[in-house]
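Chains: A, B and C, in written order; residue numbering restarts at 1 for each.
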């Protein structure tokens, strides 16, 4: 078995283009080369989207307590691991199986997927499914039983998400209505945000989040740098998500979605930062970083065809909406530690509607489709969470929650060598100003 | 709206290449496929360069104090966010607008950029503009007003950097002189380093950096691991920066710049490590990591055509120069917390000159061009910083600086759960050896 | 020197495909475009593999003590830096030089490599060489002299690894026997794991790892989040490692290895998690993360042709094997702080054999080849480590080890601002429950 590109000088010279050194034994035909380009783009884009898992893990871990960081990592790894196997077994078939059942779901010969000719497509779709799943993880951080979370995961990646994708991207009933969502503001993010809302309602707020009178208290995350790195990784991977959603590149425009994505993210962070500056009095780091994500979520539905000016507007509004959504949800008793419902749900809804307002979609159909996705994602997730809660219980005990999920659920700590504020009994030893 | 590559078996078989499964309705022509390959390369390279923003954020945050980490993140996010919008509004037009004004700047129909046919090009250029801007952020870390920094940012991405790019890459006056800089040792890095020097001179050193007699004191960074990760991310993204600067791939050689980039980075870290070992007595981690970056900065100007042996020499010398530059600047009262002026300015200058010494350029013209870039970048940035300083002030108050910019400027902390050395009042409780 | 894609409207229109805006002066021919696609894939895949260096650095640093984090970073940076220069000088020639000496090693005109036509190939191979080298770094973490490690590094990247690659991928004697290893379960990972075992045997366990009676004690790592990020980065880069090992894309299937890689990683983490749950009683974070890596290592040999179901089986078994290997080695007195021998060695061996059991290989020849690689890698590495140990010494002094390598070897600390548990003399001040 040789694994070298070395060829005889003769052959190299025969095809001596400037990038030569790589030679084929025979002249390839154009269709084969075109298929190769399309494959490279699809696979590279999927690899970028896969890396978003790291971004989600860091955003969720960085913006929550250190005592739950390992648990968050575990949930994120399992979202992809359980999700990948589930999507292989039946998720992909339900979405893109070929034979549609009334436009609601499909089936076909891709149960226990083993069709090498569709491998690139499966790879691109599975990383989207994992993205939808991982949105929920952050919203229910810090109080959910790991084993119960493991039960929920295959439902979102294997059932709830694939069915919605069939509706819109698999040729199902919503696509027949003219509903349009280029890369998934609604199909992926609003779906994830709706499911997250259902989860948060079922499990309730974290201990210490609200005073007895119901006033919300801040529970700051343990590492702004890790959270910020997560946001940068998501931004990076989002180019695969949006520009990759052209699926092909020959005869397609992959640069336009890259530009709209960039501009919306920029505008999202600016919109969120100035809104926070006005509302909470400071250019808050967390809101600004979530503003990047809100801008990205917002542009995802129309990234392919909105004008660059419209992309800036979409991002700006997404950033502003996100800040008010976070504040309003917190006041309403919805404890979403990382703002996932606002970033993915609220900005995702705005993204779906923006295609009706500024783009090629119909505002009525976009609104109707958004409601359908929310109803399905919230309803089915609520049902699953509720059944798990009633049977085995969704929530850890009070003692376990206070102790932290890393110790109680996983038998370890994320940072065993460091000293934490709450470990220091005599707090008067600490100078609060830190000089 | 369908989003699946599924086609009827008939069509798949019709173009049954080994990578099939992806099919086009009709045979594409060669020019279309060639354009697609070029687009994939340009967009992927730009995505890699975009990710360098994460690298800069981590290098700057990791190598400075924990109490300013959130502020550094904010400056980096805003460099790209404000920079992106500015480059969309007028930066791109000033650099590549088409109609040149005496080779100094250009204008054209790309103000408020909305030309989909140039989307790939804009995307590639905007991430370079953001790179130039973010170099300054680290050099002025720990003492600059966030609002004042926000005023400076659009000047570098919208005006100072685009004008220099027009001189060299937009067909302007320096390119007419035969000045050559393949991917931006001078255009991006030396420019950023020169602007950083201007900023540092205007804002002055951090409190505690120098004894009353002017002796420099070390202020170590708070996380070597985050800083190192930043360096690895920059190295990774630099392949987009250098190899991507071929812009096209059909009829171009993208592998040679990847190899020269690799070898120069390797040699840069070795050069810096052994120099530090000799000068400070230990293989210092910070110098070695900055050596990687110095090697990368150095090779950037000649990455396309220098021999591999020459690339090693360029990297080695860049690493050595950087160490002495850091030591010399520190002694001269220039407080650059992360060594940005040395890494980007000094090694960038060496990179520009190396193309005259070892490569295709003229040493006289390279020297002249370098001086022109330094004069412009330093002069214009000094003016902007000085005007901001006189009017609204560049620097935070002494109390705010000691308290840390995260609390004073952004109302939060990067690591609220951890206990810091300076918070422990009774330092005798701590065993300095840490056993 | 122009660096803009701007062309006259006339030319753009002449080739007005949808992705246009990028134009060539003349029509390229199909072979040239095919070479360009292949180049893009090879270079992008190599860039992804290069980024695995960041993953290794974080996995090794995160899963070991904070007092050695900077040292781990240094070893990883030097693995690539020294390795890159060595592979340029002679490593590549020994593997792929063209003229084979009895199938054992090769030589040719690529000493002091300067052949631009093979630049892409060299770039892809050097990042594999660096991967092999960096596996050892984690296994010997916390007690090895930095200068002695620097002596070992060129042996693995310049000699031990290139010779094995010649045997299998360079047309050498093992490939003539029909031994097959698609992307390096054996050639890279088992080789690295075997060398790591040799290193650990020579240097011995860390102080405090075993009680006087030989009972192993846990020494937990200092940052689960950084370790987890490292695993995600490795997963991400592994797509370049496995899918990139097609080397070309025109007439090749890059999507199948991406899918097998995904499924094996998913199954590896699930297999390891449930095994740990049964054996140690909790879904342990470290084992689960190492399960991802074991799954990836396991599938690497057969990623191109195993069925998707077989890929899941390979990953699952790899995850299970890894857990038992870690436990068994620890009991046997082999102190491998990050589990590198189990993840790369044991799962790598399984990967090589799996191609004989489930794939296209012969089980006899795969077994024979595995033994040959282990014998060579372990034997030659043991010899080098032993000679270094006898002459200059492999291990730091007891005082230096307890103090931490960052201070003793590099004159600094990775986290100088944070307070560590062991620094707090009066431990009764700390509430062990952390509430």
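Criterion: a residue touches a chain if its C-beta (ideal position, glycine included) is under 8 Å from a C-beta of that chain, and two chains touch if they have at least 3 such contacts.
What you see is a predicted model, and the numbers here were worked out from it, not measured in a lab.
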Looking at where chain B touches chain C, is over half of the residue numbers used by both copies, so same, or under half, so different?
-> different
Since chain A and chain B share one sequence, what rotation angle in degrees maps the C-alpha trace of one onto the other, as a multiple of 5?
-> 120
Let me have the rounded angstrom distance from the C-alpha centre of chain B over to the C-alpha centre of chain C, please.
-> 28
Hunt down the residues of chain B that sit against at least two other chains at once, touch-wise.
-> 17, 19, 21, 28-30, 32-33, 36-37, 39-40, 42, 44, 116, 119-120, 223, 229, 249-255, 418-420, 422-424, 429
Going by the contact rule at the top, pick out the chain B residues touching chain A in the complex.
-> 1-6, 12, 15, 17, 19-24, 27-30, 32-33, 36-37, 39-40, 42-44, 46-47, 50-51, 53-54, 57-58, 61-62, 67, 69-70, 73-74, 77-78, 80-85, 88, 112-114, 116, 119-120, 122-123, 126, 146, 223, 226, 229, 249-255, 402-404, 406, 409-420, 422-426, 429
Complex contacts: residues of chain C adjacent to chain A | 17-19, 21, 28, 30-42, 44, 48, 65-66, 96, 98, 116-121, 165, 168-171, 175, 179-181, 220, 222-225, 228-229, 231-233, 235-236, 239-240, 243, 245, 247-256, 258-259, 262-263, 265-267, 269-270, 273, 280-286, 288-289, 292, 307-309, 312, 418-424, 429-431, 433-435
